[in-house]
Structures are given as structure tokens and as C-alpha cells.
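What follows are several structures.
The following pair of complexes shares a single chain, chain A, combined with chain B in the former and chain C in the latter.
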Partner chain A sequence: MPKDTGIGAATTRREDVRFLTGRGQYTDDIQTQGECAAVFARSTVANGKIKSIDTSAAAAMPGVLAIFTGEDFAEVGGNPAGWLINSRDGTPMHEPKRPVLAHGKVRHVGDAYAAVIAETVQQARDAVEAIEADIEELPAIVNMKDALAADHYVHDEIGTNQCFDWGWIEDNRAATDEAIKNAHHVTTLELVNNRLVPNAMEPRCSIGHYNPGTDEYILHTTSQNPHLTRLLISAFVMGIPENKLTVIAPDVGGGFGSKIYHYGEEALVLAAAKKLGRTVKWTADRTEAFLTDAHGRDHVTKIELALDEEGNFLAFRTETMANVGAYLSNFSTATPTFLHGTLMAGNYTVPLVYVNVKAVFTNTAPVDAYRGAGRPEATYSLERVIDKAAREIGMDPIELRRKNFVKPDQYPFASAAGLEYDSGNYDALMDQMEKVADKAGFEARRKESKAKGLLRGFGVNAYIEACGIAPSNLVGVLGSRVGLYDAATVRVNATGNLSVMVGAHSHGQGHETVFPQVVGEMLGIDPQSIDIVHGDTSKIPFGMGTYGSRSLAVCGSAVVRATEKIINKAKKIAAHMLEASDADIELKDGVFSVAGTDKSVSFGEVALKAYIPHNFPLEDIEPGLEETAFYDPANFTYPSGAYCCEVEVDPETGKVRVDRMTAVDDFGNVINPMVVTGQVHGGLGQGIGQALVENTTYDEDGQLLSASYMDYTMPRADDLPFYIVDHSKGNPCTHNPLGVKGCGEAGAIGSPPTVVNAVIDALQSGGKNVTHIDMPMTSHRVWSAMNNA
Partner chain B sequence: MYAFDIERPASVADAVAALGTEDAQALGGGQTLIPTLKQRLAAPSRLVSLSGVTEMQGVASEAGNIRIGGATTHATVASQVGGTYPALADLAANIGDPAVRNRGTIGGSLANNDPAACYPAAALGSGATIITNKRQIAADDYFQGMFTTALEEGEIITAVSFPVPEKANYQKFVQPASRFALVGVFVAKYSDGVRVAVTGASNEGVHRWSAAEEALSGNFSADAIADLSVSADDLINDLHGSAEYRAHLVKVMTGRAVAAAM
Partner chain C sequence: MTKVTMTVNGKSVSGDVEGRTLLSSFLREDLRLTGTHIGCDTSQCGACVVHVNGEAVKSCAMFALEADGADVTTIEGQANADGSLNTIQQAFQDHHGLQCGFCTPGMVMSAAALLKDNPKPSEAEIREYLEGNICRCTGYHNIVKAIMAASGQDVSAIAAE
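Now for the complex of A and B:
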């Protein structure tokens, strides 16, 4: 029977009351007396030499308080990359300085080279227009292939546009080459994983505040991880001691990765606040969001799959060029490498995997992790080449996958790409998918489509991903410069309600609802009496924030550990109150009782006692009831899934309509099925968007052609079908206390190849010899492919 | 946005007078103009709002024509014209989203003459008459290339008069991001012949497809155009579709419009 509270209950999201009634507090909603406005002067050319910047006319304009240029930050540090990647030859990656404001050169359209602080936004905008910048336009480096061949560079001091040339697993390279050379059959596919603009509903916004009396700074900012932002600003960019800097990320309207990173605008508002002794606010407009939020994906890949006569996979070999844009954003070097290469064995027992990734600087916006981050790229390459192979060798695509699946008795399973999968059952997911998607009814639906003049296709996909992004030990080996644990403090207040301070940050995920379900279940009390505190470094323990589907698996585990400590201490207090021994105290439904007796005290009585410790055995028990735990798991978590999709293609126009989309996922245990379903829905929307419509286009001069919603297509409700979502076949994670795996990115990882496979199936069913179409499969592209076939 | 003054005249005469001042510009529903101002791409010193001019509002039927005031919103056309000219009502009902339809006006759309806009196809495809404060302009003379019309400085579209056809239909194949027309085709059958107007496709803006008109005037069925082809010369080639694709869509959408006409 479904529960109505605690773990497993589909509780509605308590934060939605605030969000849906306009009572959210987003950064831009915060208004401070005496606040002034920052507006940035941004490059209109993709590559240019800054010859001079004359701010004198601008400085004399009404309301202008200060103007900053790159010169002002020449002495401070740069914004670093969080992962050090070594090239195949052992040399470290090239890591150019990323300054607060461009200095010497501008490197992409939108690169900020000056900032005006004025009394009002209008005045600041006017003054920005009056800045006379003499920027000599240089030839733009846009295309990755050209970039690698070019004799001029995004960063002159590096002398190459290649950031690194990484191999994984380098020791398998020769054996993989050999296996491919000798294989019975090799399927080859060249594909593009299209660049995406993150498009969070709330644009970035930062407010800098400085108190000269205490020398303390406060930064309100749109962040997914306020402690990481503070660490970067303190330790690398500005040198403000952490005890003098509070970073607060209040309600944040979506991030999808783009708000993980520290951006120069955050440093600028802090520097300006100090200089002026005023609160300084900057809010991005939508154009700035398009031009400067870290974009996602952008890989150009060649993948080969070697098979034997029976269809057993022998090896996957991948060569990828990954665009990192003009500067290294914080996770940009991890995304195409360890979040991608390590997944290139997929759900399969393939013995050999080799991945080569060349990261390339271009005069485009920085590219970094975006919902799924590397795993969508891996899944897309694998699941497309497997589908192509199935057609080439004449085997059913589901059978070919099943034949090569890791089987349930093989866990823990060491994949050929270097990960240890802890649990799963891919055949069971496939069975469930075929059932809930009514695969058996497909042929009948195909006939109906045909009667309407439409081609119906069925596409399938199996994915595995690594999330719950942590183990510090493992990511440290892989090049991470930070730890990826998380932390929680559970504070029981005197009257029995709880505040739970967490390092994770909720910007759409529903933590305020889900974490109390866990704590409430453990304590046997109403989750409504428990509140989550997040986003404020002065209130929460030093956690690492939310991305990589890590909140519940990592921070939730810290919450469990802290709650266990609370239970232990509360039992001691109860034992004291009941004059019994701790070992005899039992907790059930919020009541502590002495085993085998009717003596008991309620949770609330224990809480009160903790703070009114009259007659307390102070030598054994401290007053108070508050515990902190840091949690660092033993491994990633490995959600997996079987997806399918049915599309209808209009052969006259090339228009694709997704008719049915089924996602069967193994997320391990599920705390709130409604929240999980919502996360899957969002991910599917983004994945279908990537597959069909989202197209980030730079022209050869490095101008972003798709810089507004007039040209960048976001998927809309009528582009999307009703989804069939099933997470009933979970296999608990074996190494975290909740047995959970992480569900935030799965939909965006699993859906793109599913959709593409379905379109190819539709076209082939119509007699078109089309084997691949690059995403987004716009009507135009599908029509062109049909006509060239 | 730059600062500007705004005036709200109640009559066409007052509006024309207000537009006589330097750097003044008419404001219809603002669905094109306001985003342009926000981007600081235009700097009128004075906006003259036409929304309070009652004589420019509303829909009236007169002797085989339907007359729509220049400041009438798309939503009003969508809800009030369906009985007399369903193809026109459908077209209006599929412009933008509810907010755009509740603000945007037919006069603003025709004055702007965006090469991918819908109303220009209806006006040209119906052989409508554009009525201004000064004169009456036949649609064939009015549209003069993308974003270019016969309107003179300060001239206001006060109404548009559409001859009601026997049958008509508008097929819009949307540009997926903006949902304007990647290619839109308006087909209208009158007793004296068929008119076919194409929007979204051409560097020259909205235009008639005369070969199709001829073929359809003889035989109003999709088969009649089966042997025609559309040249890709001078068609728009952009990130949403090549000239060849647009040429192909012109024919497909024309066939579908004929089949759907009622």
C-alpha cells in the first residue's frame, strides 16, 4: 500500500506553494537600500585585440559611480578549472588564465571587458554605450577541426588550441586497435553531440555587499553550490578569507549545471561593493544568458564497435573532439573525460574500451557540464552505434543489447572502462519497458500511421550512468582538485521541531520535501515538523552543492548519518529520563520506550530535556541535541534504464512528432515517487529537445546566430508526448544507507539516442536508406536526409 | 530601452497630428516594437499609442467584404471573424501565444511586414485593401519587400478590407523557435479566380505564386499543382531551412491549403 508520509510517500512538494503563488525569493527579488547597478560592456566580436578602452566620457555621465576594466583585475587570480587532466604523453593540460574581465584580448562574443556601476540600470546601460573601446577584430576560431589546424590561437601564450589529448584507458589502446583490426564486423559512426544553451528560467544574478565596519562581504548569487563558489572566490580569485565572505544562494530558478560554476560577474560585484561601500547588483538579461552561461555538450565523435560472428561486442573505440570554448569553466575538463570516457562500456560486458578525447579551445562561450554532463555524450555514441550495428548484422536491436548486457549475477561488475557497477538488472528493465510501452502493439500503430501517410518508428536505448558525484578518493585519482563529499547538520529544537542544514542546494529538485521524509521516517515524527535550511554558507555546513544527481545519494546519506547520531544521543537522554540503560531504549513512532516495559517518553519530551538539562548527567551527556555528519561514499551510484520511443515522421516535410516515450529506470530505492517522476519528465523534455530542436549555431565569424528564443528552439509542451515513466524495478545501491541512486539527469541521458533511433527506424521502414542524422533532427535535416538517401 | 514620451490619442486625427512631431512612432500592440525598444535597437522620442482610437477597433461586414479596424487585436479577429471568414480567423488564432494575440494588432502586423508574418499572406492572398488615414492601397501595391510597404512617414493603417472568398485556407509550417511561418501559404478561391500568397519563404517578403494561381483557377484541387515546381532562387536560406527546403514546402503547403480550403 502506498504510504502517505515518510520514505516512499508521494508527498506533494511543499516548496511549490511558495513558487506557484509568487512568493519565492530569487536573487533579483532582494532589494537593499542604497543598492546600485552593474552593467557589463561585452565584446561584439569573437576574437579581438583590446587596443584601448577609453572610459572618460562614460565616467562623466549621470549617475555613474565607477567603471572597471580588465586592468583593475590584472593583479588578482583567475577562475580555475576544477579538474587537472593529463594528456596521453603525461603533460598536464593547458590552463589559460580566466580573468574577471577580459584583459588584452576578448575571446568570445559576450566576453566582458568593462563594467559600469551606476545609480540605476538605465544609467549604467547608457554609460556602457559611451565607453570607447578600440578592439581590433581578429579571425575567429570557431570550428574544432579548424582550431586544431590553425596557426593562430585563442590563447596566444599557449601556442596551440588543444587543451589536452587524453586517452582512456591508455593501456588498452593497442589491444583495442588490434581487436578492431581483426574483428568479424566493425560498425563505424561519426556523429555530433550538439551544443546546448542551458536556458534556466531565472537568468544569473549576483549582488555584492560589503560592510566596512567588519570587513565582511556577502554575495547573494544564483548558485547550485554556494560553498564551492565561496571557495573559488576565496582561494583563487580574490583572496577574501572564507570567514569574511558569506555566499547565499536563495531560491534559484533552475541551473541544469550552468549555475555550478563561478563566473566573473560574482567577483566584480564584490570588488565594486568594496570600492564604493554600496550594494551592487547585476542581473543578466536573456541575451547575456545566451552569450555567457556555460553551454553544454558540443562533441564531434567517431565511434567504432567491433563484433564477432554471434554479435558479441569485442571493443568500442572512440575519438572525440570536445569543445571547451574560450576559457576553462570549472568542470569543463572533467565533463568530456571522466564523466564520459569511464561510461564508454555502457551496460555491456565488452572486454575492451578505448577513448581518445581532444579538448579544443575556440572563440565561443565556455562549455561545461549540463544536465547529464558527459554521460549523455557517452550514451548517445554507444547507443547509436549499437543500433547501427544491429541493422548492419541483421539482428533485432533489443536482442543485440540483451546479448551483451551485464547479467544480474555479475555484480559487482568491473567495466572495461574502469568503473565498478554495484547493482542492476538490465534485462529486467528491458522486460518492463517492453511491457509498459506495449511494444507488442507497435505494428498495429505503425499501420495506423501509414494510413495517415506517416512513417512510424520504434527506437530503443539502454543506458547506465555514474552519478551521486562523489567519492573524493576516486575523483581525486581522476584529477579533481576538490573533494566531493557532502554534509548535514540536524538540529532538534527545544520544542521538538527540527532544522536540517544541508550542503546540497535545491533549485527545482524538491529537497525541502524529500529530506524531511527521510528524517521523519527515521525519527517516527511528522515530516511537516522538519525544515531544510540550504544555500547560505553562514548557516549550513561545508557541503559541495547539487549537480551530478548527488543530492540524495551523498547529502541525503549525510542526513541519515547525522540523524543516526541524533537517535543515539536521544536514546541516552531518554535512558536517563526513564532511569534505564541506553541499550534497552527503543525508538518507535516517535516514542522512546524501555524494551519490555510500558515506560516511555516522547521525542518532544526528550528534545525539551536536551535544552533544559536540569538534573542532567553532564559527565555522560552534553546538553543540546544537534549533530553533524560528513559523508563520502565508497563509489558512484549507477542508475540504469531501458527507454523506448515511437515517432511519426511526415515524409513530405520531414517533421518528426514524438508520439510515445517510455522511461523505465533503476534508481534503487525511491523516497518520493512523485518527485522522481517529475525529475524524469524534466530530463526527458530536455533530451527530446536536444534530439529534435535545440540548435546552438555560431557562424564562421563566431557570432551566435541562435541568441534568442526567436532562433533557439526550446521544446514546448506540444513538442512532447505524455510520458510513460516506471521506476518500480529498482535494485538498491549497495553502498549508501538509503540504497538510492540519483534520478536528476537520467531522462536527459537516456532519451536522445532513443529518439534518434526511432527516427532512423521510421525512415528505414519507409524505404529510405538513412543510417544517421545529426541532432537536432529538425524537419529540414530529416527532409534533406530523406532526399539524399 | 531608452526613455520616451507616450501619447494616447482618441481619434485618428489626433494620432496623425501626434505622429507629426519629430521622431514619433505609432505603437500598436507593441509585440514587435517593444522588444525592439528593449534591445535598444530603436530610439523614438515619442510613442503614439493607437489602442485608444475607437474608430480603429473592431470588425464589420459590408457587401461581401469584411472590414477590420487597424487597431483590432489578433484575438478579436480570431473570435469574431470565424463565421464570415474562417480561414482568416484561424490564421489569427495561430499567431504567437495568447499574450501576443491579446495585444498584437492587424495594423501593426501589416505595417511591420515581417517576411515571416501571417497577416501579410492573408491580405495579399485575399486581394485586401489597406485603408489609411490618407488613401486606400491595394494589397498588390502595398507590400514592397521585407519590412517595406507603401506606407509613408506618419501614415496610419486605420482599417483593412478583405473581400470574402468562396473558400480559403492558410497553411503555416512553423519555424520551430519563433513559430512564425517558415513557410506559410494562403490560398483563396474567388468567383473570378484563385489567389495564392506565400510568406516566410522569400527574401522579397510576401509574394504571390502566379503559376499555382493559374493552375488552381482552372482546377481547384491539389492535383492541379502536381507538375509545378518552385524555384529556390531568391528564397531565404538560414539556420532553420535552406532555400530548396522552403521551395519544396511552398508546394506542399499550397497543396495542403487547397485540400483543406472551405
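Now for the complex of A and C:
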């Protein structure tokens, strides 16, 4: 019997009601008496020297209250990178300053060099048009290879366009080279991991408010992590004391990574609010989002796989150029390195891995973590080269993977890329995938497709990712400048209901429903009596927010620890009320009882007693019932999966249609299977989007050609199938209290290579010797590949 | 500024607008009906879909003045009279047809318009109809399923949850 509530129940989401009735409150929905509007003047050239900015005409326009330029922020700090990467030679990465507004130079189309504050947004827009900026256009640096060879720079002061040249694991380099040199067979593949725009449906929005009476600031903003945003603004950029700045992220309409980062617009509205004594609001339009939200992926990689006669993997070696854009966004240096290189052993017992990543500055928008963040890039390289190798050595691609899988008796397993996998069973996932995907029926379906004149292909993938980001001790050694714990406060109110304040932020993940399932189960009470508070730094403990599939594995663990403390204290109170010893108190179904007796008190009675502590043993028990826990994970978690995809390719047009998509994942224990399945669906949609339709295109002058939904193809409902999703074969994480691994990114990690492998299989079945097509596999690319084969 | 009067969710409303004021802005900023969302500038995303005289309209692609005298329904006017979720809204909740909720008002309004014209749409008809509504969270699976369920079709054969 499925459960109705608690851990494992597919409870429908309580937050849905407000969203379905139009009562959600997103940042742009907030309207304050007397608010004014900010609009930014943005560069129309990719690279340019700011010679002068004349704001006098704009300042005289109706409704204009203030104009800011880069000069106004020359003395404040830069927006920093959160992770220090050292190059192979030991030198630290280059970290050019990322100012609030461009100063001296503009470095990508959309780079803001001025901002107008006016009574209305229309007035501010009109005034922006009247700013006279003399910007001398310089040659744009767009292509990464050209950037590395260029003698002019995105940042003149560092004298190179290379941010770092990173090797992982450097001590394995010589041995890897040797293994590849001497191998029986080496498969080589050059591929592009296409640049994507995250495209959360809610554009970014920030509202600054300043109270001169108390010298306090409030920032409402579209953030996945309000405390991190506050820390960056306070400690690095503006110097506003943390205790004078409240950051509130209310309902947020999707993030996918793009709302992790602090952006200059947030600092601007705060500075403007203080200067004017008015509430200042900025809302991005969609083209601003395309131009300025941190983009994702954008790797160019050469990967080599060395095999012995039997098909055993001997080594993986990769060379990657990773685009970081014009400025270092907050996690941009971690994404292509420690979130990518460390996964480059995949699910395999391969003994040697060497990864080289050159990060490159270009005159394009910053690139940072986007759903999966480094792990999709690793999985794509591995799972494409393995498929190619299987074809070259004449082995079934599933058999080749199985031959090299880490086996269930090998855990904990030290991967050749430096991580310790705690649990998994990749063969069992592959078995389950073959079953639920009806692999046995594929040949019959292929015949049916052939009868329609279509080529059907079957593609597979096995992935592993590192989630539950992240153990602070480990990442600190690796260069992280932040800790990656999370925190929760469980407050039992006097009348017995609960408020649970969490550091994680829900922007679609369903925390308001799922976290109460955990607490309700532990306390034996109705989850409906438990509410989650999130997104407001003045209400919640210092947490690091939501990304990297971390909410449940890290913040959920903090919730468990805080609830355990509540239970311990409640037992003491119950023992006092029942005149028994703490050790004899049992909690079951929300009732505290003395073991072996019929003496009991309810959870509600204990809660009330905690706040009306008459006759309380104050030397032993404090009044109140509220506990906080911080949780720092001992290791990453390691979700894994086996995916397959069946496509139909029209040989006349090159059109690809995904007919069947199956995802079998090991997420460990599952709290709410409905929510988990939904997370996988979303990831699959984005992954298939990357594989088939999405692409970010800059021309040679650095103009973004795909800057609206007219030009950037978002996957629509009719591009996608119903998915088959299975997470019944979970192996619990061994090091967190819920045994959970994280499910938010899996779909986007596992699906792109699966789709590409399926298309290659389809073309090969039609006698076309096509071994690789770069994503997105548009009709034109597929047709061209077929006709050039 | 020109005076505009219309019926919104059954109530007569009026306001002074510029010629360039979009219906979406009038609803959000003047009437404070912020359930209608703005997700793009090119009338592609569909987060702003409302009904004007019974037809689904992208309110970012219509001037407020063009709706003078019209009967407009927004997401705020969709629930049953007692405040409970209507059939389509309930199906979205039951089948997890929303995550971040931002595209949801437009999805619900589009679904309502579809079902009015086509009470039992096929999966393919639903997917085609939703071409003008973009969702980034759900991969559309549960949206399509919810609309099928709302139309009274048996969705138990479609993958679980």
C-alpha cells in the first residue's frame, strides 16, 4: 500500500494551490508605494573602450531621478569567483575584477555601463536612449581557439585570454599518456558541448529598499540562495554589513543555476535605493536575460579512450577548452574543473584518467553552472566515446559498459578521477532499463519504422554524478572559498504546530511539501501541521541554498538533525511530565509514553508545556522547543542511472523525433516519488532540448544571434514524448541520515548522449557511416552528415 | 491617457492608460492581478494567456485599449465559486503539472480554451496546441497528462506519477 503521508508518499504539493490560482508572489509581483524603476544602458558591441558617457541629456528627461555609470562604483569591490583554481604549473588563475557597471571597457554585448532611475520604467527606458556613450569598438574575441592565440585581450591587465590551464590528476598524466600510447585500441572523438541559455521562465528581477532611520537595506531578488547573495554583496561588493542587509527571494520562477549567482543589478538597486531614499525596482526583459544571465556548457573537447584486446578500459584522456565568457561568474571556475574532471571515470573501473581544461575568456556573456554543471559535460564526453569505441571494436555498447562497470562488491570505490563512490549497482540499473524500456521489442519497432520509411535508432547511456554539494573539508582543499553545508531550525510552536526554517530555497522543487513529510514522519504527526519557511535571510539560519541537487541530501539532513534534537528535548519534557526517566520515554505516532506502562502525553501537550513551563526543572531543561542544526556532508552523493532513447530519423529531411525515452535512476531513498519523477521529467526535457534544438550562437563580431524566443529554440510540448521513469532500484546513500542522493539534475546529465547515441545508431542502421554529429542535431546537421557520409 | 473600461473576472473595472499600455501591464500593474505573468517580449512564452470574450489571447500582444468593453478572464477568475480548484486546476495539482509555477497560469488558461473547443483532445492535439506555451520545469509530461485527465480521459496507462 502506498503511504498517504510521510516518507515515501506521493503527496500532492501544497504550494500548487497558490500557483494555480494566480496567488504566487514572484519578485516582480511586489509593488511598493512610491517605487521607481531602474533600466540599464547595455553595450551593443562585444568589445569596446568607453571613451566618454554623456548623461546630461538623459538626466534632463521627464521623470529621471538619477543616473549611475561605472565611475560611481569604481571604488567598490568586484563580484568574485567562489573557487580558486591553480594551473598545472601551480600559478593561480587570473581573476579580473567584475564591476557593478562596466568601467573603462565593455566586454560583451549586454554588458551594462550605465543605469537610469526614473519614476516609471517607460521614462527610464526613454532616458537610456538619450545617454550618449562614445564607445570605441575593438575586435571581438569570440572563438576560444582564436582567443588563446590572440595578442589582444578581454582583460588587458592580465595579458592573456587564458584564465587557467588545469590538469587532473596531474600525477597521472605521464602514466595516462603511456597507457594510451601502448594500448591495443584507442578511440578518439572531438566534440562540442553546445552553449545553452538556462531560460528560467521568470526573468531576473531585483528590488532595493533602504531605511535611512535604521540604515538597513532590503533586497528582494530572484535568487536560489539568498544568504550567498547577501554574503557576496556584504563581504565583497558593497561592504554593507550583513546585519544591515536582508535578502529575500520570494517565489522564484525557476533557476536551473542561473539564479545562484550575484549579479550587478542587485548591487545597483541597493545603491540607488540609498541614494534616492526610494524603493528601486529592475525587471529584466527576455532579451536582457539572454544577454546577461550566466550561460551554460560551451566546452570543446577531444577525448581518447584506450582499451585492451578484451575491451577493458585502460585510460581516458581529455583536452577541453571551457568558455568562461567575459567575467568570472561565481561558480564558473568550479564547473569545468572539480564538477567535471572528477567525474571523468564515469561508472567504470578504468585505472587512469587525465583531464586537461583550459578556461578561456571571450567577449561573450559569463558562463557558469547550468542544470548538471560540469557533470553533463563529463557524461557526454565519456558516453559518446564509449559508444564510438563499441562500434569500432565490434562489441555491443551495453556489453562494453557492463564489462567495465564498478561492481556492487567494490564499494566504497575509489575512482581514478579522485572521488570515493559510496554505493551503487550499475548492472542492476541497466537490467531494469532493458526491462522497462522493452529493449526486447526494439527490433520489431525498428521494422515498423522502416515500413514508414524512417530509421529507428537505440541509444544507451550510463551516468554517475556527484551531488549533495558539498563536503566543506574536501572542497576547501580543492580551492572552494565557501563552505557548502546547510542549516535548518525546527520551531515547535506552543500550540503544537511547527515552523521549519531552511537554508535551501524552493523554486519548483516542492520543498514546502517534501520537508514536512520528513519531519512529520520523524515526529509521528500530520505533515499538514508543519510549514516550511525559506528564502528570507531575516527568518532562516545561514544556509547555502539550492543547486547541485543538494536540498534534501544536505539541507534535508540538517532538518533531520534538528528534528532529532527536538525529539531529545521533547523526551526530557515528557519524562518530567510523566515523572519517569528520559531513557524510558518512547515516541510513536506523535505520543510520548513510558516504556512498558500506559502512561503517555501527546506531542501537543509536550509542546504546550515547553512554553508554559510551570513546575519546570529549569536546571535541567530550558523553556521552549526550538532547535537548529548545521549539516556538512561527509562526502558527495553519487546518483547514477541507465538511460535509453529510441529515435526515428527521416532520411529525406534529417528530422529527428524522440519516440521513447527511458530513465532508470538510483537516487537512494525517495521521499516523494511524484516530486522525484517530476524532477527527472524536467531534466529530460532540457537534455533532449540540448541534444536536438537548443543552441546559443554568437557571430564573429560577438553579436548574440539567439537572443529571443524567435531565435533560440526552446523545446515545446510537441518536441517531446511521454517519458518512462523508474527509480525503484535505489541503493541508499551510506553517509547521510535519509540515505538520499539527489535527483534534480540527473535527467539533464543522462539524456544528451543517449539521444545522440540513438541518432548515430539510426543512421548506421541505414548504412550511413556517420560516427558523430554535434548537438543540437538539427535537421540540417543530420541531413548534411548523412549526405556527406 | 485614455479611459478604458472592461469586465475582468466578472467585475467591471476601468482605468486610464497610455496608448502603448499592454493588456498584460494593465492587469498586473493597474488591477494588481499579478497571476498573469510576463516571461518574454516576443509573444512566445504564453505565461500571459488570458481569455478575452472567451478566446485565449496573449495579453502581452494586445493593448489595453483594444480590450475596451471586453469580457476578460484571468487565472484569478478560474477557481470554483467556493474558492476550490476547478477541474483543470485540480488535475494540474493531482498530476504534478507544475513546478516553479511561473508558466502555470498561462498553461491553465490555454488548457481551458483547448478543452472548450475540443473536449477530448488526443495527446498529439494537446502537444500541438501548447506550442505557444513554454515550460522549462516539467518537460511537459505531466502538463499533457493533466489536461488529458481534466478532459475525463483515463491516464492510468501513462507512466506513473
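Simple rule for what comes next: the second predicted complex is superposed on the first by the 789 of 789 C-alpha atoms of A that agree within 3 Å, B and C clash if a C-alpha of one lies under 4 Å from a C-alpha of the other, contacts with A are read in each partner's own complex, and residues count from 1 in each chain.
To be clear about the criterion, a residue touches a chain if its C-beta (ideal position, glycine included) is under 8 Å from a C-beta of that chain, and two chains touch if they have at least 3 such contacts.
This one's a predicted model, so the numbers in the text were calculated from it and none came from an experiment.
In the superposition on chain A, A:E15 makes contact with chain C only, while chain B stays out of contact range. In the superposition on chain A, contact of A:Y709 is made with both chain B and chain C. In the superposed pair of complexes, A:E652 makes contact with chain B only, with no contact to chain C. In the superposed model, A:Y261 lies in contact with neither chain B nor chain C. In the superposition on chain A, A:P673 makes contact with chain C only, not with chain B.
More chain A residues lie in contact with C than with the other chain of the pair chain B and chain C. Residues 122, 287, 709-710, 714 of chain A lie in contact with chain B in one complex and with chain C in the other. Within the complex formed with chain C, the residues of chain A that make contact are 10, 12-13, 15-26, 28-29, 31, 122, 199-203, 251-254, 256, 285-287, 507-510, 673-675, 677-678, 681-686, 688, 708-710, 714-718, 720, 722-725, 747. For chain C in complex with chain A, the residues that touch the partner chain are 18, 20, 28-29, 32-42, 44-45, 47, 74-76, 78-79, 85, 89, 92-94, 96, 98-105, 108, 123-124, 126-128, 130-131, 133-145, 158-161.
Taken together, the chain B residues at the contact with chain A in this complex read 1, 3, 39-40, 173, 176-178, 239-242, 245, 248-249, 252. Interface residues of chain A facing chain B in the complex, by the touch rule stated above, are 122, 125, 129, 287, 652-653, 655, 693, 695, 697, 705-706, 709-714, 778-780, 783-784.
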